Every structure is written in C-alpha cells, then in structure tokens.
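These are the structures, in structure tokens.
In the two complexes that follow, subunit A is the common piece, with subunit B as its partner first and subunit C second.
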Partner chain A sequence: MRSIRRKNFTVFMLPSLIALLLVLAIPLGYSLITSFFNTNLKYQGLGDFVGLSNYASVLQDEYFIESVVTTAKFTVGVVVVEFLAGLAIALLLNNIRKGRNFFFTIIIVPMMITPIAVGLIWRLLLHANLGIVNYMLSLVGISGQAWLADSSLALKTVMFIDVWQNVPYMVLVILAGLVTLPAEPYEAAAIDGASRTQSFFRLTVPMMLPTFSVVLLLRTITALKTYDLIFVLTRGGPGTSTEVISYHIYQQAFRYLEIGKASAMSYLLLLLIIPIAFLFVRISRNRTA
Partner chain B sequence: MGLTYVALTLITLFFLLPLLWILRTSLITKVEAYKIPPNWMAEVTLDNYISIFTDNPFGSYFLNSFFIALVSTLISVLLGAMSSYWICRCARHNGRLKVAILVTQMIPPVVMIIPLSLVIKSLGLDDTYFALIMAYLSFNLPYVIWMLLSHFEAIPRELDDACAVDGCTHVQAYFRVVLPLVMPGIMATAVYSFIVCWNEFMFALNLTGLNTRTIPVAIASLDTQQGVMIAELCASTIVAILPVIFLTVFIKKYLVQGLTFGSVK
Partner chain C sequence: MKRNRIRTAAFLLAAVMVLSLALSGCGKKSDAGGGDGKKTINILMEDVPDTACVAAHLEEFEAETGITVNIESVNYSSMHEKILTQMLSSTNAYDIIVVDCYWVGEFVTAGWIQPLDDLIESSGFDTSVYIDSMMNMVGEVDGATYMLPFYNYMLSLVYRTDVWEDEALQEGYRQATGKELTVNGTMEDYVEACKYITSVKGESLAGAVMQGLRPDPIAMEWCNYLFSCGGDFYDDNGDIVINSPEAVHALELYVDNMTNAAPSGAPGFGFDEAFNVIAQGGAASYVTYNWMLPKLQNASESSVAGLCDIAPMPGGVSLNAGWGWAIPHNAPDAELSWQFLQWVESFDVCKARALDGGSPTRSDVMSDPEVLEACPYLATVQTIMEQSKMIPIMEDAPQLIEVLGRELSEAVTGSKSAQEALDMVAQEMQEMQ
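Now for the complex of A and B:
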C-alpha cells in the first residue's frame, strides 16, 4: 500500500513540485538572499553580506517612500471609484432582462485585453495635438490638456484609464453576485412598505458583503502590482509623478542594477500584499466551506 | 425603465467608443490617421494590416505569442491537473498546501522577474522560447492546480473506488474516468491561462529578444522606436486584442470563477 502511494506521488505530484521549485521557490529564495547582500549587476557574484542595511536604506530612501505614497493614492483611488461605478452599473444591468447580455458582453471587453493595448489606445486618444479627445473638447469650448505630460494631471489620467479597464471586472463579479440573491426578502420588504433605498441598504448590502470583500481585496492586490499601464503611458513620469512601487523596483533592478536593494524592496512589497492575500483566503474559505 | 436603458447605452458607449476609434484609425491611410479635425469620410483600406505583416516581422511576433502561450498552458494543464487530483484525493491535511498555492497567485510579477531574469541570463537562456515558457509556469501552474481543485472535489470518490475494484490503477482511473469528467473545467481554465500568457508583458519585456519577442512587447516598442505610427499601431493593437475577444466568448460562463479564484460562483 505504501509503495503504491509513493508511486502515485511520483507520477502525479513530483513533476509539478520540481517545476514549482525551479520557477517559484528557488527564485523567491534567491531574491531573499540577495536582499541581504549588496548585489549589483555591475560586479560579479553576490557581493558582500550587509545584513539588514538594504532594508534600512530603502526605508530611508525618499524616492522609494514617494513611490509607496503614489501607489497608495493610485490604489485607493482606483479601487474606490471602480467599486462604486461597477456596483452602479451592475445594479442597472440587474434591473433589466431584455438586452442585458448585449450590454454586458460589450462592457466586459476592456478587462480582457492587455494593459499594454489599453495604454496605447488611450495615449492616442489623449494625445495633446493629434488626439480625438482634445478635439472633441475643443468643439464644446473646453481647452485641451496635455493629459499625460502635465505632472499635476498625469496620475489622475492614468487612474482614469485604469478605471476604464477595470470597472468591467467589478461589473462582472458584482452582477454575478446580484443575480443569485433570493427574491423573497425583497417581496416581503415591498409588502412592508420599504423603499428601494431601504431594501438596498438593509438587504442587498448585507447579502452582498462577501462578494464585495472578495472584489475589493482582489482588486487592491492587482492595483498594488500595477506596472504595464505605467510603462506604456508615462514611464513613471513626468518627473516621478506616476512612479508606482513595481515600476520603481523594476528600475532599481534593471536600470540601476541595484539587485540587493531591489530585492529588499520586493520583500517589503510582499510584506504589504501577503496580509491582504491571507484576508482574501480566509474570506473565500468561509464562503466555500 | 427607459432611463435605465439610456444610462446603460451611454455607459456601453464609454467602453466601446475608444475601441471603435482605434478600429477606425487602423482602417484608414497613414496620412488620414494624423488629421485633426478627422476626415469622417476617409476611405477604408487594409494597407496598415498588410504593412505590419510585411514591413514588420509582426507575423513572427504573433506566432511567438501563440506558441509560448500555448505550450506554457499545455504544460500547466498536464502537470497541474494531475497534481490537483492528487492533492484532492491523496494529500492528508491539505489545507495549508492549498493556501500556499493560492497565495502564490498574489505575488507581484516584479518580485519574480528579478531573480528569474538573473538565473535565466546567467544560464544563457534569455531570448529562448524555453525561458519564457518556464517563467510563465510560475503563475500558470499554481493557477491551474488551484482552479481544478473544486472540479475534482465535485467528483465522488466512490467513482475512483469502483475503478479500483475493477482492477484499475490510480493512473488509469485518472486518465480514463476522472479526467473526461472534469474536461469542461480544464478547457475553461486552459483558455483563461492562454489569455493571461498572451497578454503578459513584464516577463516578456525582460526575457525576450529579437527571436522570441511577443506581441505586447512588439506593440510597446513599435510605439517608441519609430515615433508614433498611428495607423500601424492601431492595426497592431487590433491584431493583439482580437484573439482575446474571440476566446472570451467561449469562457464567458466561467469568467467570474476564473477571475475570483473560485470564491464567487
């Protein structure tokens, strides 16, 4: 019996384990090690062991702190706006039967396409001189802006584009939750004379809380990882006005070749994300159990 | 009711019009594409599509993307489905293992690319299909394992036992009886993994070169290397997103599960 079990393990589990060890565990371990060394790609090898000094210097680095603040602004902004807009659109879609599928099918498209394409599309639309958006605005007498080149506007513009891409995600998941809500409580509430607002806050919100927490947590995690959109739209600029953590870390590693510091930043980012991930795991387990 | 439809139409236009504008720009001549105010009567032409496939090696970028996404997905599904089945049936106290698998999905790509890039470049494997296919396993494989767990759990154990009584080995039971039953779940997961690979940018940016460049890297560099070639850029963007839109139709039913790691059904 034992040997059968072992044989099964070899056939079913070992190939995956080896693959995961090679592409996931070893790289993560390697990164952790380099975070304690002053590894720099300009020199051969790991460099010298420096203990926690990478972490200390990163936490005092004003550019890193600034990228954390930018990421926080970006994440809070897009998650809140996307959630509220997604909820509103999902409620509208839930109200209708005829044509729901038609609207829904079109609305979810932006979410599926690569952020690189999304970024390129909006760069063309928002181009200061050649873009259609500024032209349309000029027709109604609003003067166009250098949406992505103006450091006071760039972050807001990037956030707007992210909203365009990711509201569909919220619509998709929230609508999936809404359609499974039972009808009886609403009928009972209507008989008792509850208004639509009352039944929304007293019935829909409490019943939808698990779905809300899932989308909010997952979107927060993906927003914290944002890189592609920034790469195409602004490369972190103008100045450092749109430099989010992922972009900052990538630059540290591959432009300034400071692998040790970049690894320390990576682990700090993980430290930020892992608690949110565990919160998500806990909630989703309660749901499936 | 009427107001709901008006609102939904406006909202849908907000999401649709940018895409239609890019489609329109991809179908007019290079000169027309630069015109502001736009010439609404511009002639329709397929020149830009022809030009990206002839002047640019865009065809080979397309094939690179397709090949890398397909092979990485196939490996993930082959290995991942077997592991998922094993974890479901044979692993005792598998709770922690499951959590670990799910948490890997939350790791930011920038955290992975630094060590992956160092290892791959020190082995001289950058600009090979192998490198990117392996790198994509780092998120694809755990994803497949995780997503298929609930599908295997839905299949009663008695079925395996019945096979054992008939003298089947575990491997035979898996391939002949269990696997066909979870096929719909496997297909949906595979299509979703394929889309994620097709769209992936950061790993591809770092690990590909002239021979293995994928579409997202190609269109991002089209934009920087030759100034803004608006019409061609739009045509390339359309080519990059069409397969995804096409595939999404097939997995629409599974999208919610796929995008929430099964926590919303």
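Now for the complex of A and C:
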C-alpha cells in the first residue's frame, strides 16, 4: 500500500519537479555560482573566481545603494496607495447592486494591458509639449508639467502610472474576499445598533485581514521587481531619480555584460524578497488552517 | 529500500535529460539552405527610414535569386539585447545583423561577428568605394574588415530657415546682443541665439529642441557640443580628457541650452519625441541625425516641410556615427549572407536607396549627380562628415555611453555640477581600462 502511494507520489510529482528544476533551480544555482566569478558575457566561460568581491563591490556602489532607496520609496508609495484605492473601490462595488459587472469590467481593463504598452501609452499622454494631459490641464487654466523630465516629479509620475495599472488587481482580490464574508455578523451588528464605520473596523477589517495580508505581500514583491515601466518611461532618469534596483541590474547584465556582478545584485534583491515571501507563505498557511 | 531510492533518482535524472534534449530542439532555426531547397535570409534591423529603403527593393533581390528575405525591424532600445541573446546561442536566428558604431569594439572583442576579408577577396567586392570615415567606423577594426557600412547617421544641426532668416527676429537679436542671428557661429553663439528665440517666442517656439533621455540620446547629442568646443574622450597620447576644461564648458553650455532654451520636457525626450516637437513647428533647431532632414521635409510627416535645412554644428565638429552590416559568428550560412550583402551594397541598390531618402556611405553614391540633384543636402552632409569625430572604438563603449548618459542627465537635473559629472565619467573610464 505504502509502495503504491510512493509510486503515485513520484508519478504525480515528477512533472512539477522537472519543471521546477528547469525553470527555477538551475538558473538560480547557475546565477549563484556566477556571482562568485567575474563572469562577463564578452568572454567565454565563468571567468576568474573572485569570492565575495562582487558582493563587496555592489555594496560600495553608490548608484546601487541609491537604487535601493528609490525602490523602497517606490514600493511603499505604490503599495499603500494601491491598497487604499483598491479597498475603497472594492467596498463601493460590493455595495452596489446594479451595474456592478459593468463597472468591474471597466476597472480591470488597465490590468489586462502589458506594462510595456502601458508605459508607451502614458509616455505619449504625458509628452510635456504635445501630450493630451497637459493640453487638458491648460483648458482649465492649469499650466502643464514636464511629468517625466522633471527629477522632482518623475518618480511620482511613474508611481501614479503603476497605481493606475495595479489598483484593479487590488480591487479584484479584495472584492473576491468581500463577497465571501458572511452576512450574519453584520445583521447582528445592525440589531445592536453598530454604525457602518463600526461594522467596517470591527467586522470587515478583522475578517478580511488574511486577504489584506496576502494582497499586500504579493504586491510588495512585484513592486520590488518593477523594471518594465521604468525602462519605457524614463530609463532611470532624469539623473538617477527613477533608477530602481531591477533597472540597475538590467544595466549591469545587458549593457555592461557583467553577469557576475549582476548576479550578486540579483541575490541581494532576493535577500530582500525572501523574508517577505516567507511571511506570505506563513500567512497563507495560517489562513488555510 | 536503498535500491528503490536509487532507482527513483535514476528515473528522475533520466527524465530530466530526456526533457532537456527534447526542449533543446524547440529553438527557432534559420531556414538558410533549408531542406525544401528554398533559401531564406533573416535580418535584424532597426526601425528607421534606411531600413524601409532596403525593404522597398527586396523584391528585386528575391526575383533575381529566388531567395526570400525576412527583415525583422525592431525599436533601437531592444536591439542590443536581442542580438546579445542570439550571439550566446550555438546557432543564430539571423543571417545578417546591423551593428551600431559604438557596439563595434564590444562585438569584435567578443568574437560575435565574423571577419569578411576572405569573402571580400574571393568575390572581388570593392570596399574602396566607401567614405574613409565610415569604413574606419563601421568597416575595419585593426586591419580586418568586419562590416560593410550600411548608413550614416552623423549628427548635425537641422534648423528652420524661416525662423533663423526672419528679419524681425534678426533685427531684434542684433539690437539685443549686437550680433547676427546665425547658425554658423560658435557653440556659445548658438546657445545664446537659442535662448533669445525662446525668450521672444515663448512656449510656441523653442530655440532648440533637445533629447535628454538616458543613455544614448543625451550622450549622442552632447558629443556634438563636446567636439565643437574642442573637447574629446582621449587626447593624442591616449589619456582621458573627458573632464578637461573644454569638456566642462561644453556641458555647461548644454545644460544652459536645455534649461533656458529647450522645451520643458526635453530632459526626458528621446529622438522621436524631440522630432515630433520640431515637426509640429515647436522648435527652431535640433542637433540630430542627418536622416531626420528628409523626414522633416516630407509634408506627410511634418508641418514644417520645405522650411528646414541642415548646417554644420556651430563650432564646426559633429559626431560621426553609423551602422554596419555584419554576419554573426554563428550565422547558418555565411556565403548566403554575403550574397545578400553584395547585392544590397552594390552601386545601383545604394543609389536607389539614397534616392528614396536613405543616408549613403559610398562616396560614389554621395557624389552621384542624380542623387545630389534629388538630395542636395547630401553635399553639406559630406562636408560636415569631413570635420566630424566618432565615439572611440573600444570594447566598453556601450558601458561608456551608459555612464556618460547617466552623468550628463545628473548635470542637467542639477544634481551635479558639470565638473563633478565629468569627473565621475573620467573615473569610470579609468576603471574600464
């Protein structure tokens, strides 16, 4: 009996194990190895073993450190705004009876566009001199801005675009959680004379906490890895005002071809993400339990 | 128990190997000399007017040879990465690629493009017809020929004749500064004139539109300021002089023009956005690629058609740049690739491309009476080219452009002074050596 179970386990697990090995373990292992070598794509082979010097050099790289700070600002900013906006919209959609599907369909459209296309669309819309955004603002007497060319505005603009694209994701997940909440506690609260605000903070928030945690953690991980929007919108500029870690790694790998150093940077980014991922897994398990 | 484990492990390992072998056969294969006897040539090119000029004549080659040619035309920003991944594979999906001038050192050092000398010798192809500066830039490296020059994108000053020759504007400028409003002065004169035009015309017409996007657009544009102010990357002894007083002055002028003459969005403009501004009548001048002029003079693409001309950079020295045709080291059939290159770089095809608005690299095409009659600006282009300089051919040139773009952008935003920015470039150039 045990032998049959083991056989079944092997047969059913095998495809997943192979897929994981091919797409995850091998690249991860290879990049870990290259992070200890001065590997450069211009030259064949791994290059010379350099120990931890790639890591040391990355940690001394002022632009990498700056990109960590920019990434932190970006991540905190977009995740908080997206969560609050997503929650507000989900609550509104949850309370309307007529046309919910219609509004829902419209709201999730940005999520279905690839970030590259989103970047290109917004780059045209935000053209400081020929873009429609500044034109519309001028119609109501507001002077246009150099949204992507002013170093004090560029990061905020990129964050706004990211929010525009990712709020639907928040809405989708939070609304899915809201519709599954039981009606009884709310009915009991209403009988006891609880206000809407009290119901929200005493019932909705505690019951939705696992959903909130999961959606915040998932979005934090993806925000930390943002690359495509930056590539299309600003290339890290003006100056280094929008240079995030992933863009910095891209430059190191595909422009400088220094794969060893880029791998070291990627592992440092992974060190940032792993604790968040573990937290996510733990919360998911607790939720399931 | 132990045997079972070993058996399971062996089974897993075998399955991984079989799957790997199966997947290795899933890559895109070139059709060159394919089994059905029909030959196909795949070319990776940038989405620019010269590519369209080549594409317009492909039917002639296909009718002549029976070979199908596929051009994959992509945006510049994704070209380097696309080529890179192909070069690292055992076989290349492309039979021919085009190589930007500042990638040459990197590609040759890495052995990604093959020398063409044997093919040139066996076919008797004449490379002496190319303009020397083009051959030195996107042709030969250390005495070996790796590329055939495809088109030149030397930068120069494209300007609005109706603005710079406007009598009221000229008179106003004369009274304000005691100088003539002209594009033929020094860099200092040019920046002063641009600022004046912007101050008079306001938001409706900027003295200059500029391309401040990192890394290539800003680096390419600033190189014209650098060379025209007497600066360079290296001096005759090979010492780094990118932070010389001339270079610092060039950057100060660039920042001054960007801040006080260019449209507010210019620090984030790539060449397409900058082009759109001047094409819609929003700027009086643009330091740009010479092939932009035919586009600006084309009424279907520009509202200032017929009102533009090209001039040497104020200060006299432009950035010379261009693209070359190359055969990847792992191309499926080099002979087939060469057959196409001979055809596309023949006098007749090059002339036809030039008449379509292409930017020639052959001196016999550049001086052909029929071409000059159709494209009179090419005479000026040839003169400018004689006074131009190029980005040094070095294996780390793409890295240099990244660093330069970043630091120039830092100077434009005011995060660093011109001296600090260029000192950083010099320091990183030193580390590259």
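Note that in this section the second predicted complex is superposed on the first by the 263 of 289 C-alpha atoms of A that agree within 3 Å, B and C clash if a C-alpha of one lies under 4 Å from a C-alpha of the other, contacts with A are read in each partner's own complex, and residues count from 1 in each chain.
We take it that contacts are C-beta pairs under 8 Å (C-beta built on N, C-alpha and C of every residue); 3 or more make two chains touch, one makes a residue touch a chain.
Nothing here was measured: the structure is a model prediction, and the numbers come from that model.
Participant: Determine, under the contact definition given at the top, whether A:Gly237 touches first (subunit B), second (subunit C), both, or neither.
Facilitator: second
Participant: Touch check for A:Leu22: first (subunit B), second (subunit C), both, or neither?
Facilitator: both
Participant: In the superposed arrangement, which partner chain does A:Arg196 touch: subunit B (first), subunit C (second), both, or neither?
Facilitator: neither
Participant: Which partner chains sit in contact with A:Leu92 here, subunit B, subunit C, both or neither? Use first/second/both/neither.
Facilitator: Touch partner of A:Leu92: subunit B, not subunit C.
Participant: Thinking of the overlay built on chain A, is A:Ile113 touched by subunit B (first), by subunit C (second), by both, or by neither?
Facilitator: Only subunit B is touched by A:Ile113; subunit C is not.
Participant: Applying the document's definition of touch, where does A:Asn129 land relative to subunit B and subunit C: first, second, both, or neither?
Facilitator: Once the two structures are laid over each other on A, A:Asn129 reaches both partners.
Participant: Given the touch rule stated above, what does A:Phe254 touch, subunit B (first), subunit C (second), both, or neither?
Facilitator: In the superposition, A:Phe254 touches subunit B and subunit C alike.
Participant: Who touches more of subunit A, subunit B or subunit C?
Facilitator: B
Participant: On subunit A, which stretch or stretches are contacted by subunit B in one complex as well as by subunit C in the other?
Facilitator: Looking at subunit A, the two contact sets intersect at 17, 22, 123, 127, 129-130, 231, 254.
Participant: Which of the residues in subunit A end up touching subunit B in this complex?
Facilitator: Contacts found on subunit A: 4-5, 8-9, 11-13, 15-17, 19-20, 22-24, 26-28, 30-31, 34, 89, 92-93, 95-96, 99, 103, 105-110, 112-117, 120-125, 127, 129-132, 135, 164, 167-169, 172-173, 176-177, 180, 211, 214-215, 218, 221, 224-225, 227-228, 231-232, 245-246, 249-250, 253-254, 259, 262-263, 266-267, 269-270, 273-274, 276-278, 280-281, 283-284, 287-288.
Participant: Under the stated contact criterion, what part of subunit C meets subunit A in this complex?
Facilitator: Of all residues in subunit C, those touching subunit A are 4, 8, 11-12, 15-16, 19-20, 23, 77, 80-81, 84, 88, 106, 109-110, 203, 212-215, 263-269, 273, 276-277, 280, 282, 395-396, 398-399, 402, 405-406, 409-410, 412-415.
Participant: Across the complex, what residues on subunit B touch subunit A?
Facilitator: Listed in rising order, the residues of subunit B that touch subunit A are 1, 4-5, 7-9, 11-12, 14-16, 18-19, 21-22, 25, 34, 36-38, 75, 79-80, 82-83, 85-87, 90, 99, 102-104, 106-119, 134-135, 137-138, 141-142, 145, 150, 170-171, 174, 195, 198-202, 205-206, 216, 219-220, 223, 228, 230, 233-234, 237, 240-241, 244-245, 248-249, 252, 255-256, 259-265.
Participant: Please name which positions on subunit A make contact with subunit C in the complex.
Facilitator: Contacts found on subunit A: 6, 10, 14, 17-18, 21-22, 41-43, 63, 123, 127-130, 144-151, 154, 231, 234-241, 251, 254-257.
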